[in-house]
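One structure below.
Naming follows writing order (A, B, C, D, E and F), and every chain is counted from residue 1.
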Amino acid sequence: MPRFDVEEFRRERARMNEAILGEKHLGIARFWALDSRAYEPGALDAKTKELLGLVASTVLRCNDCIAYHLDQCHTVGASKEELLDALNVALVVGGSITIPHLRVAWDVVGQLYDGKKPGELPAHGHSH
Amino acid sequence: MPRFDVEEFRRERARMNEAILGEKHLGIARFWALDSRAYEPGALDAKTKELLGLVASTVLRCNDCIAYHLDQCHTVGASKEELLDALNVALVVGGSITIPHLRVAWDVVGQLYDGKKPGELPAHGHSH
Amino acid sequence: MPRFDVEEFRRERARMNEAILGEKHLGIARFWALDSRAYEPGALDAKTKELLGLVASTVLRCNDCIAYHLDQCHTVGASKEELLDALNVALVVGGSITIPHLRVAWDVVGQLYDGKKPGELPAHGHSH
Amino acid sequence: MPRFDVEEFRRERARMNEAILGEKHLGIARFWALDSRAYEPGALDAKTKELLGLVASTVLRCNDCIAYHLDQCHTVGASKEELLDALNVALVVGGSITIPHLRVAWDVVGQLYDGKKPGELPAHGHSH
Amino acid sequence: MPRFDVEEFRRERARMNEAILGEKHLGIARFWALDSRAYEPGALDAKTKELLGLVASTVLRCNDCIAYHLDQCHTVGASKEELLDALNVALVVGGSITIPHLRVAWDVVGQLYDGKKPGELPAHGHSH
Amino acid sequence: MPRFDVEEFRRERARMNEAILGEKHLGIARFWALDSRAYEPGALDAKTKELLGLVASTVLRCNDCIAYHLDQCHTVGASKEELLDALNVALVVGGSITIPHLRVAWDVVGQLYDGKKPGELPAHGHSH
């Protein structure tokens, strides 16, 4: 359970994407392209699509995918209240097994939205 | 791979909900209530929340849950184009293993949106 | 969403087990044996182990496995109240995506514990 | 647990593919194409790729996907012994939760390889 | 594959719970409460319920959830022999894909039951 | 998202296997044996079986299992092109949720096949 550092995640993701995409396997390259296009605005706008990606990533329990979609949600202007509502749907559908991922998600939100450092204590004055 | 009949699904769902909720187990009753409330409008509106439920159900591959959320999506006014965009996100995130569920989903959409009967041939004049 | 008939399940399970075990693949045969032995009394008694099998089957969402372990739970003397407590743990851990399986589970319990027929209406005098 | 009928599966799969692909959603159409191409011979031959698809479908526990890849395995010349070895890997990796899917798989193999009818009793002279 | 340190896990879990619960989202807070109550003694005692939580967490393959329920199992008096029997059910149901989680589980048990430090070599005088 | 170090993985895996197998639980010991035997040559050769194990591990999204089967694939002589074809099948079946695991897989391949150090930059002269 190491702390999730958004900056390190972005760097490692770029380095490792380069490693596999550098092999130029046609099927894999096409999948990456299809993946990007699925979140472009269409009948649904970009924010809704990123929230869909976030919930899908949370119920399937992938921290890297959650961090990626939170980063995108932040970029396209989702509010923290909207993220909480979306994560609540994921929690109810996916159950308590998603809770460790909600914890990571909210640590990432602190870094993206509030300029916190990884592992920084929350500002709330009470404990649970 | 029996055909998915929306009317039969609604009836059986009601009958079986009654069977288990009739036992009056407090924890189970509270979960059912929490589940309903997660889709009520809040920071996100009802349509967005139902689309989140649809995508979560599709990547977790549960036909009954997909049918339930499609029924709700229809009620709160999601268009077929919006459903296709949401299902496409689910397909890309969840992979080809979700395809049999997309097939069921679109059969259900035909019954909900176009008044088709279960198992009725699609109106498109070409084959795949 | 066809009704789950316990008698038919037992018959089909026996027929299909015979089909695959009849091939006498050593690895597959040994796995079947290991599976049976895992539920024999040891440090934990048979009832606890069957409840573990029931909860594992529910969070992994396999109706046939749920029905099998409910049949065993009934044989080794688990009460309906114990089954509800176990299914509640599964519901909380696994989330609302397990609800369709809880519905099937309780239909099966009605057949095993109360002599109901598949699809018979529950005796409770109220609806949900 | 209705019997799995290979002929009916092929018909329903074609009908329902037509329903969703007839909507001409670009992302969905491209995914279908990418899916087909992944199994064309390349560095690995078609039989190996279909066995990979079979094992992936079995550990992810999708009967329709299992039936589809068994149909393809039969077409490209995999033997029953090779299928048993592949299913054994899936069983060990995925555990007893895959057993109901192995039962369906072997019923489908009986229809594809031995000309059996759905639900026909196996020819082995002993029971399990 | 960093070593799992029970003390660090408890600290980080408390810190991150505070971060998300501090947002006071009603649905999320209620889920946390429902989760706690599911393990309180009822028709089943606390030890059986914690073992159910352990097995559910293992077949769903969540190290944090496994560590949490092992910590609880230790508190309510489950023996190492009982834990091994429960983990064996999880292994058979969930397959070899759970093995890395069994390894983490037993490392955690060493810290909880035998006062070992994270990463300390086991006391057995032979290798595997 | 710490870097995956193949050497450290092998050491920790051996240490932790010893911890749990040292308990001499019969069911667990037998499962370990069954697991090893599933990959021995039979109707399918060792390379095909390791590729099956790799794809199963990737769609089930277990980094340790992926690293183990890549190590075995390397030992039995699978080429990088064959690994890419197998991982592409896993990607299409399992969807974008497998992408973080493909990134780890290719980092591991760099260590096994090209003598790279964990975290070393890929040699390709362009970025993604």
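Operating definition for what follows: a contact is a pair of C-beta atoms (placed from the backbone, for glycine too) under 8 Å apart; a residue touches a chain by one contact, two chains touch by 3 or more.
As the structure is a computational prediction, the values presented were derived from the model and not from experiment.
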item	value
Which of C-E and A-C has more C-beta contact pairs	C-E
Centre distance in Å when chain C and chain F are each reduced to the mean of their C-alpha atoms	33
Whole-Å separation of chain centres (CA-atom averages), chain D against chain F	24
Rounded Å distance, chain B centre to chain F centre (Cα mean)	36
Per-residue overlap in chain B, given as positions that touch at least 2 other chains	2, 27, 31, 34-35, 38, 56-57, 59-60, 65, 84-85, 88, 91-94, 96-97
Chain contact graph, described as a line, ring, star, complete graph or other shape	complete
Chain E to chain D touching residues, read off their complex	59, 91-98
Complex contacts: residues of chain B adjacent to chain E	27, 30-31, 34, 37-38
Partner chain B, residues of chain C touching it in the complex	1-3, 61, 80, 84-85, 87-88, 91-92, 96-97, 99-100, 102-107, 110, 119, 121-124, 126-128
Residues of chain C touching chain E in the complex	34-35, 38-39, 42-44, 48-49, 51-53, 55-57, 59-60, 65, 79, 81-82, 84-86, 88-90, 92-94
Touching residues (chain side chain C, partner chain D) in the complex	2, 4, 8-9, 12-23, 25, 27-28, 31-32, 35, 56-57, 60, 62-65
